[in-house]
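Below, subunit A partners subunit B and then partners subunit C, in two separate complexes.
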Partner chain A sequence: MNDSMTLGIHRVWKDILVHKMNPSPGTLLLDVAGGTGDIAFRFINYVRSVRERQLQRKLRHHQNLSWQEIAESYQEDKSKSLGDSQVVVCDINKEMLKVGKQRAQHLGYTEGLSWVLGNAEELPFDDDKFDVYTIAFGIRNVTRIDLALQEAYRVLKPGGRFLCLEFSHVSNPLLSSLYDLYSFQVIPVLGEVIAGDWKSYQYLVESIRRFPPQEELKAMIEDAGFLKVDYQNLNSGIVAIHSGFKL
Partner chain B sequence: MLRCGTAVLRRAASGGGGHGQGQGSSLAQPLEPSLLRFLVCPLSKRPLRYEEATNELINEELGIVYPIIDGIPNMIPEAARTTQKKPPAEGSKESEQ
Partner chain C sequence: CVSHSEPRARDGHGEEEEEEEEEEGCYQLYPGHIPTSPLQKALLAAGSAVMALYDPYRHDMVAVLGETTGCLALPNLRDKMKHHPEGYRILQERPRIRLSTLDMTRLRGLPDGTLGREYVRFLEDNKVSPDTRMPPKFVDDEELAYVIQRYREVHDMMHTLLGMPTNMLGEVVVKWFEAVQTGLPMCVLGAAFGPIHLSARKLQVLATELVPWAIRSGLNASCILNVYYEQRWEQSVESLREEIGIFPPPAIRV
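Then we have the complex of A and B:
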């Protein structure tokens, strides 16, 4: 359904989010409202490829290795393909988590991935634990956004990064009217035809309109204590990535 | 995957019914040990004790217990049961996500 509504572009948005994060091996990520695992899988792929490149670079510099050293390097590869990176996926919806877990099994993601049923406003995690906190298309559905932001601040390590990917506001008037047309005329119809559910998709589109615009969300993030808060518009503001640091 | 997504949405929208969830031995899945490093009680933010026998996470101070279902710890306070009473406690919130 996401693919139909966004013509597959939602995948690009999520890719951009992980690229912006640029995680290095050993990063601890908390992905909130990421039930089906989209961000988590991308994170693991990214870290794996960074790790591979690291190992290749290391091997290239060591031209004259003894057999012992070569055997050791192969063993390291197996145990540390992720370099101790880990992602915890937290969602309030059990069904989403189940789907995510099944997808993980299908796609072969076995290590470095954990699933927790929890509320973004009341995270079951200890203070100062995570390097990065992401919430992709989830903060819109949180009742008390300020509480979720405060919890995000709490569980991040000092130096940790907050990243939020969410639908936002289009300022360009022409694009805005086209976007409104698409949102209110096409999306609920797609919802009815594909999922048999007009109302949920009507609600979806309305909730996007009600959500605070970029600057307001930026102010809310700053209120929670984050510094160097900034946002990046994607597709002229249809989607925005907000970023902040706990310093 | 598309079909998976629509099925999930349909279930979420209709308010779910717990049909055919447990596939027999689903309760036997243990918790990922690395998770215990991070997990605390969402209410008091205090550490939890993992009980292997019943596959639950116990907060001694407040006397509440969080179940682990299908290997996923359920850390929603409303779904947790107190250690005094008998648990009817399933049914975590299936609110829209």
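Then we have the complex of A and C:
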């Protein structure tokens, strides 16, 4: 459904989020409301490729080693292909987590992943634990956004980063009308035809419009204690990435 | 007109069913009605047509196609009912065929060959139930919504009277009959494109024997929506066929 509604562009949005995060090996990520694993898998791929480049660079400096020593160094590094990076996927919905676990198995992700059942408004984690906190297309469905933001602040380490990917508001009037037309005329129809569910997709479109616009969300994030809060519009504001730091 | 409700917490992706009390808009004409703009109806018609063809088991798509394209045929059917004494009574009394209103034990006890007995036999043989018919959502007139609901519930009677099972071939034959009888574009499309999923052998039987008979019967028969089936359980299928004007089915195993 996500592919149909966004013509596959949601994949690009999620790629941009992880690229903006630019995680290095050894990062501990908490992905909230990410039950089906989209962000988690991208994180692992990114960290793996960064790690590979690190190892390649290391090897280039070791070209005076014997071939036997080089082969042995492969063994060591293989066990650390992620470089101790880890992602904890937390979701309130058991079914979503189940789907995520199945996808992980299907796609061959075996290490660095943990799946935890939890509520964004009351996370089952201790203070100052994570390097990065992400919530992609999840914060819109939280009843008390302020509580979720406070929890995000609590569980992040000092220096940790908060990243939120969510639908936002289009300010350009022409684009806004086109976007509204598409949202209200096409999306519920897609919901009915593909998923047999008009009402949920009508709700989806309405909930996007009720969600706070960019500046308001920025203020809420600052209220939770984050500093250097900023946002980046994607596709003229259809989607926005908000970022803040616990300093 | 869009409803403005309080934001609520949603599990997972916020794609859960709303509670039924929440009205879709100010223009809800009957329970389950979803008001739609002309553009939405056009998109629904196109989308449901493609989806029904792609996956014939999406009965909900066939239903949606019927609702979004029936704007000419449905008033026509309603008028036919209004101008017929039995049809008029049906429009007034609005009977519904469902398990809760049918006395299955009594029907099963009726003699073989009666409408009631054969209808129950049809339901059991094909493992179907009258309660799986979709309620209308996109018809913007409350009376026409009943007409299409009645058409859906009478569909099983058609199977019984035509002697057709619920396999692909049987359904296509009933669609041809219904297309001639009702003029609903959904029936016409179903009759024309349904055969895509059939084997060559079945197509041959369809084209040479079954469709000509279905068309002849459909043209000869009076309007099938003008029969108060619920008051005719004791009537024999043969006599009802004669009364309506449906010719005896060809002796072919479908």
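One rule holds in what follows: the second predicted complex is superposed on the first by the 242 of 247 C-alpha atoms of A that agree within 3 Å, B and C clash if a C-alpha of one lies under 4 Å from a C-alpha of the other, contacts with A are read in each partner's own complex, and residues count from 1 in each chain.
What we mean here is this: contacts are C-beta pairs under 8 Å (C-beta built on N, C-alpha and C of every residue); 3 or more make two chains touch, one makes a residue touch a chain.
Note that the structure is a prediction, hence the values are computed from the model and not measured.
**Q** Does subunit B (first) or subunit C (second) touch A:35, or do both, or does neither?
**A** In the superposition, A:35 touches subunit B and subunit C alike.
**Q** Contacts for A:88 in the overlay, against subunit B (first) and subunit C (second): which applies, first, second, both or neither?
**A** In the superposition, A:88 touches subunit B alone.
**Q** Using the touch definition from the top, say if A:192 reaches subunit B (first), subunit C (second), both or neither.
**A** second
**Q** Answer with first, second, both or neither: which of subunit B and subunit C does A:206 touch in the superposed model?
**A** A:206 contacts subunit C only, not subunit B.
**Q** Where does A:147 make contact in the superposed view: on subunit B (first), on subunit C (second), on both, or on neither?
**A** neither
**Q** Considering only the contact definition stated at the top, list the common interface residues of subunit A for subunit B and subunit C.
**A** 1, 33, 35, 91-93, 95-96, 141, 194-197, 199-200
**Q** Which of the residues in subunit A end up touching subunit C in this complex?
**A** Per the stated touch rule, the residues are 1, 33, 35, 91-93, 95-96, 137, 140-143, 184-186, 188-190, 192-204, 206-207, 210.
**Q** State the interface residues of subunit A toward subunit B in the complex, per the touch definition above.
**A** 1-4, 33, 35-36, 86, 88, 91-99, 101, 103, 114-119, 122-127, 129-130, 138, 141, 194-197, 199-200
**Q** Tell me, which parts of subunit C touch subunit A in their complex?
**A** Its residues touching subunit A are 2-4, 7-18, 24, 34, 37, 39-40, 43-44, 47-48, 50-51, 58, 60-61, 64, 137.
**Q** Okay, in this complex, where on subunit B does subunit A touch?
**A** 1-2, 4-6, 8-13, 16, 32, 34-35, 37-43, 45, 47, 66, 69-77, 92-97
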